[in-house]
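You will see two complexes here that share chain A, one where it goes with chain B and one where it goes with chain C.
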Partner chain A sequence: MIFLTFIYIIVEALLATFFFKFGFKYLSHFHTLGENAQGKQWNEALQIYERTTGDNSMLILLFSVFAIAACILFIWILVLLIRNIKQILKLEKEGKHIPTFKEILLELLDSKFHITLLAAPMTTLVLFTVLPIVFMILIAFTNFDANHQPPGELFTWTGLTNVIDIFLGNSTKTHTFFGILGWTFVWAILATFTNYIFGMLLAMMINHKLVKCKKLWRTLFMISVAIPQFVSLLLISRALEPAGAINLALMKIGLINAPLPFLTNPTLARVCVVVINMWIGIPYTMMTFTGVLLNIPEDLYESAQIDGATAFQRFTNITLPYMIFVTAPATITTFVTNINNFNVIYLLTGGGPFGLDYYQAGKTDLLVTWLYKLTVDKHDYALASTIGIFIFMIASTLSIAVYNRTGSVKKEDMFQ
Partner chain B sequence: MSNRNKKISILMHTVLAILSVLWLIPVFWLVLSSFRKEKGAYTSTLWPKAFTFDNYVKLFTDTRLFNFPKWFCNTLFVAVCSCIITTILTLMVAYVYSRLRFKSRKALMNISLVLGMFPGFMSMIAIYHFMKSIGLDQTLLALILVYSGGAALNYYIAKGFFDTIPISLDEAARLDGASRHVIFWKIILPNSKPIVVNTAINAFIAPWVDFIFVSVIMKDNYDKYTVAKGLFTMVDKANIFEYYTSFCAAAVLVSIPIVLLFIKLQKYYVSGVTAGASKG
Partner chain C sequence: MKKKLLSIVMATAMVACMTGCGNNTESASAEKTEAVEVSEEDGQAETEEEAPDEGNPAEQSVIEGDGEMISLKIWGSQTDQDLLKELCEEFAKEHPENSWQFDYGVVGEADAQARYIEDPAAAADVFSYPDDQLTTLVQADALYEVTRNVDEVKSANAPGTIDAASYNGVLYGYPMTADNGYYLYYDKSVLSEEDVQTLDGILAAANAAGKQVHMDISNGWYLASFFIGNGCNISLDENGKQICDFNNEKGLAAAEAVRAFCNDPAFVTGDDSVLEGGIGDNICCGVSGPWVSASIKEKLGDNFGAAKLPTFTCNGEQVQMGSFLGCKVLGVNTQTQHPVEAMELAEYLTNEKSQARRFEVLGYGPSNINVSKSDAVSADIALKALADQSQFAVSQHVNGAYWTPAEAFGAELEGHSTNDLQAMLDQLVEQATAE
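Right after this comes the complex of A and B.
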């Protein structure tokens, strides 16, 4: 335990060095996010303008977050350190055996095994997920947009301006936000339930006792899954264009005279994304339901047969309730995934068709694709972060509510 | 077989045949385009006028602008590394949540769940600058870190599976004096082949299909691209006419290993999916 104390002290020293050598100079500008913009200064000797290095708001914010994290870690280890020393003193006073370093290590493989196992995953999680998310949440309260790009221009804290702009303003942004929000929900509901219902029907059809070569059918449907989504979606999107293969085929057959505006008519484009999403998603739901169907206890059917239930009654009273019950959590997960279904929308329509009434968005854009465009194309980070936080709030509320309510969490020890 | 049953059977087989054709048309279209001699994304005829192997050959010989073999090796390297790391991390986390009881367990599970709901690319500028500050921008290592960094968030399918392994096995081992460390390696993992395979497949496939993080981390360094981002570049507005058929050829080449993997490991994949489905 004495050795452990030394390790703690060394870590504390390292953290303190990191903080004062590196973190502090950023953290000291945290309240303003930088005062001196990058400027130009006339160099008399060389007869040229020279760039003077100014502050960089983004780096200040990013490294301040890291510095604060280091502080928290420092305090946490300090607590551990004090607790450790107290325990040593107590054990010494009582004349008990003080655990050796080796015994502590062995403990980490048994009664404290969770610490060993979680150490690596949690470290990567904090570095690559938690701290970046904290950074992005803070961005929502600044004016970091295309006009405030460091190092050329600085950005600063603006409080709740972005939130008010989106939710309460009368601007196009508010109009866009609520328009897209509505479509996101319509889309998520349609996408989830079309896949659910048709995937279930397909699985039941393949599993029907009269159908032969079940494995072959399943494999045929699964082949489409193996093609990377961005490839199949890009192909389909090209095929749906006015000069694309689908219009060509329809005109060749003589069904239509002029190309159909699959991706340029708002309603048609929305129908298209839902239909194409069925092509993408049904093989997955088919596989899920196949597994579920095979797991329905056989004796349920036998006793129903004895009671004289018809095939239809067996379906409505056994198969359907069982499947709905078992897949309920998975369905909610799918719903949340669909709210954030980036690929289908972005690759198929790119959010279009575009109208003038929306701010940087099209009629099939979901919140998540709008967010992507705002970040990557428009560098409107502050607005994007605000939307991101909102998406996150919907998604997390839904999933937390569902996960803690489903049987699988309440009765997690059921099978054990 | 009664007459009625025969009719139903024929009807169902017909429906299945029509549906599977619908599902296979895009796949067929992809293969067809990859052998097409005529360039460009749009053609005046549905059936190609002439066939050629050149699209495939060009991928490996003409590497001046788009170095497909290099992309392929990059992706394979990243996929193998992140597959190993992700699988180990995910299984460790799942085991902890399933078997070990400690104070902050429930809170950690909920926090992990919630963090997974954040749109991934929201954090990408932060990650890019973080990587840059530690000198890792435009490296494959950065990609591996990004793909396996969130492994702790995807624990629930594996946890659901571990929950179904009888705890009496653990108890018997503990009576024999095995530590939790030994139980994890000697009892839980050997009994979890389906979920190990399932986790590994998912982790292996992710780098083949992601193009967002690659574009953020690699910027315009074509040589460090993975196939997904590379293929994406092939069909942007400037290149689509010249490279569309090569794009199809490359897509076929990328799909073949994934198809084989799927068919070979289908059994495990299904049991993985259902373990997740039935247990949430």
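Right after this comes the complex of A and C.
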């Protein structure tokens, strides 16, 4: 344990060096995020404007987060250190055996094995997930946008401006946000349940006793899964264009005279993405349900049949409860994934058709694709980060709330 | 109780996993579509689809000389790589006073600004970008002003390109090409030289022949030609704020003309692939730039024709359509260790000899006045049409906010919307000039 104390002290010293040598110079600007922008100075001999290095708001914010994390770690290890010393003193007083370093290490493989197991995941989680998320949440309270790009310009704290912009202040942004939020939910519900219902029906149809060549049908439906999603989505988006394959085919047959605005009419575009999502998603749900269907004990059906239950009664009283029970957690996952379903929307319509009443967004944009456009195309990081926080809140609340209410969690041990 | 706690922990972990996964797929797919995306979104029509990864086995050339080793990183699009290497090595031979090491990165012009802002210090010392990214780059203080030999650079290149590469009167880069513009391609077997003078003439001839006329109205880059032609103003003020007056009387008249054009039975929209695929078949003419020249020439053969944009009827008068004319510019990164050498290299890569060579190898329209007057360039039908159109063109001083509402506006007219044009234009201007 004495050796362990030394290790703690060394770590403390390293953390302190990191903090004072590196972290502090950023943390000291944390309250303003930098005062001096990059400057210019005329160099007569070279005939150029030489640049003087200024503060970089983004680096200040980033390394401040690291410095603060280092402080927290410092305090934590300090607590461990004190506790360690106290224990040594206590053991010495009582005249008991003080564990050697080797014994402590062995303990990590035995009674404290959970610490050993979780050490790597927790460290990486904090480094690669928690700290970046904290960094991004902080950006939401700044004015980091296209007009405030480091290193040329500084950005600074603006408090709740972005949140207010979205919810109350700025009419276009508020309108856009609530418009997109509404569509995001409509989309998530439609996308999840169309796939759920039709996938279930398809699985039951294929599983029906009268259907021959079950494997052939299943394979046929799985073909659309075999093609990488983004390839098929980009191809379909081409085919739906005014001069694309589908319009040309319909015109050749003579069903229509002018091309249909599949991706340019807001309503039609929304219908299109839902329908195409069905085409992509149903095979997956079909596979899941096939597995579930094969697992329902046959004797349940037999006894129901003997009791005189109709096919519909058998479905509502045996098949459906069983399926909902097993698939509920997966459905919640799907629902949350659909709220953030970037691929289908972005590759198919790119969020379009754009609306004049929307701020840099289109009528099929989800919150997450809008966020993407704001960051990648418009460099409006602050606004995007605010939306990101909101998406996270929706996703986590929904998941936790609904997940805990599902039968499979409440009656966890029933099917074991 | 314990079970409940456990389930909460599990749920949190699940959410964390899901959000984590979500992010991954998002960025992966984002990268995949980046090349496609930029060309459509910015209305800035780059056809070269660059590999989005600059970490490709980067080419490097080292030329030993007398003095200290100068190491420079250069970004160019995939198609330009060979020529870039050739010209850089020539430059090194002409400057034996130093040793040179050049690292070539594949970053297309369309991605230059985004890549630069990701990490300025890791960006190339010399990189090419289209002039519409100039404002953002200057605001991020990314570019060195051209201060050495500035008069030579200004006099050697066409005034339009100097204007395009300048911000508030200060030149921020070395013009390299002057072909980021658009004009009319037509099928000579359907349209005569007289027909293509007016939009009405084109539509009449096309309708008579049962053919279509292509223009991507739902792209702010092409849409603007009507407004610019009728004397509207789209530019930046000295603070970099967007000026756009498309909602005044002239703009309204231009918008009426756009609506009439979109409602004509011969009108067809779509991006370049529609034009390239349809010309010679169902499409008899279309508006695009030099990047589709080769493929259209191949399809039309002897019937290949190119001309300046036609005039259109506006309030009963014939008005010449305007256009944007942009150029590709070589800029020097303010973060570079060797500013003077980087500037010399940039100047060399854009001088008369290099531009002549670039036209010879890649067919890019030169910004250099002498090269553009040369016989070889004058003989190119497409570049001649571009030059004819350039007198009606303005530099593309446009911020990012314009493109999305302009696309929305164009798409509504393409969809034969009957909404009030004045209200739509007001919305367009409000969004385009928003901070």
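Quick note on the criterion: the second predicted complex is superposed on the first by the 399 of 416 C-alpha atoms of A that agree within 3 Å, B and C clash if a C-alpha of one lies under 4 Å from a C-alpha of the other, contacts with A are read in each partner's own complex, and residues count from 1 in each chain.
Just so we're on the same page, a contact is a pair of C-beta atoms (placed from the backbone, for glycine too) under 8 Å apart; a residue touches a chain by one contact, two chains touch by 3 or more.
Small disclaimer: the values here were computed from a predicted structure and weren't measured.
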Task: Check whether A:Val336 is in contact with chain B, with chain C, with both or with neither, and answer first, second, both or neither.
output: both
Task: Check the residue A:Ala243 against both partner chains and state whether it touches chain B (first), chain C (second), both, or neither.
output: both
Query: Looking at the overlay, does A:Ala384 come into contact with chain B only (first), chain C only (second), both, or neither?
result: first
- prompt: After superposition on the shared chain, which partner residues are touched by A:Gly352: those of chain B (first), chain C (second), both, or neither?
  reply: second
Message: Applying the document's definition of touching, compare chain B and chain C: which contacts more of chain A?
response: B
- prompt: Is A:His208 in contact with chain B, with chain C, with both, or with neither (first, second, both, neither)?
  reply: first
Query: With the two structures laid over each other on chain A, which partner does A:Phe230 touch: chain B (first), chain C (second), both, or neither?
result: both
Query: Does the superposition put A:Asn265 against chain B (first), chain C (second), both, or neither?
result: second
Query: Given the touch rule stated above, what does A:Ile400 touch, chain B (first), chain C (second), both, or neither?
result: both
Query: First (chain B), second (chain C), both or neither: which does A:Trp217 touch?
result: first
Field: Residues of chain A contacting chain B in one complex and chain C in the other
entry: 125, 129, 230, 234, 238, 241, 243, 333, 336, 340, 342, 368, 372, 376, 392, 395-396, 399-400, 403-404, 409, 412
Interface residues, chain A side, partner chain B - complex: 58-59, 62-63, 66, 106, 109-111, 113-114, 116-118, 120-122, 124-125, 127-133, 135-136, 202, 205-206, 208, 210-212, 217-232, 234-236, 238-239, 241, 243-245, 248-249, 252, 279, 283-284, 287-288, 290-292, 295, 326-330, 333, 336, 340, 342, 368, 371-372, 375-376, 381, 384-385, 388, 391-392, 395-396, 399-400, 403-404, 406-409, 412-416
Message: Looking at the complex, which residues from chain A come into contact with chain C?
response: 37-38, 46-51, 125, 129, 146-147, 149-153, 172, 230, 234, 238, 241-243, 261, 264-265, 333, 336-337, 340, 342-343, 346-347, 350, 352-362, 368, 372, 376-379, 392, 395-396, 399-400, 403-404, 409, 412
Task: Using the touch rule from the top, collect the residues of chain C that touch chain A in their complex.
output: 3-4, 7-8, 11-12, 14-16, 18-20, 22, 25-26, 29-30, 32-34, 36-37, 40-42, 114, 117, 120, 136, 138-142, 144-145, 147-148, 218, 240, 268-270, 273-274, 277-278, 334-335, 339-340, 343, 399-401, 404-405, 407-409, 411-412, 414-415, 424, 427-428, 430-431, 434-435
- prompt: Where on chain B does chain A make contact in their complex?
  reply: 5, 8-9, 12-13, 15-16, 19-20, 22-24, 26-27, 29-30, 33, 41-44, 46, 89-90, 92-93, 95-96, 98, 100, 102, 105, 108, 110, 112-115, 117-119, 121-127, 129-130, 133, 145-146, 148-153, 160, 163-167, 179-181, 184, 208-209, 211-212, 228, 231-232, 235, 248, 251, 254-255, 258-259, 261-263, 266, 269-271, 273-274, 276-280
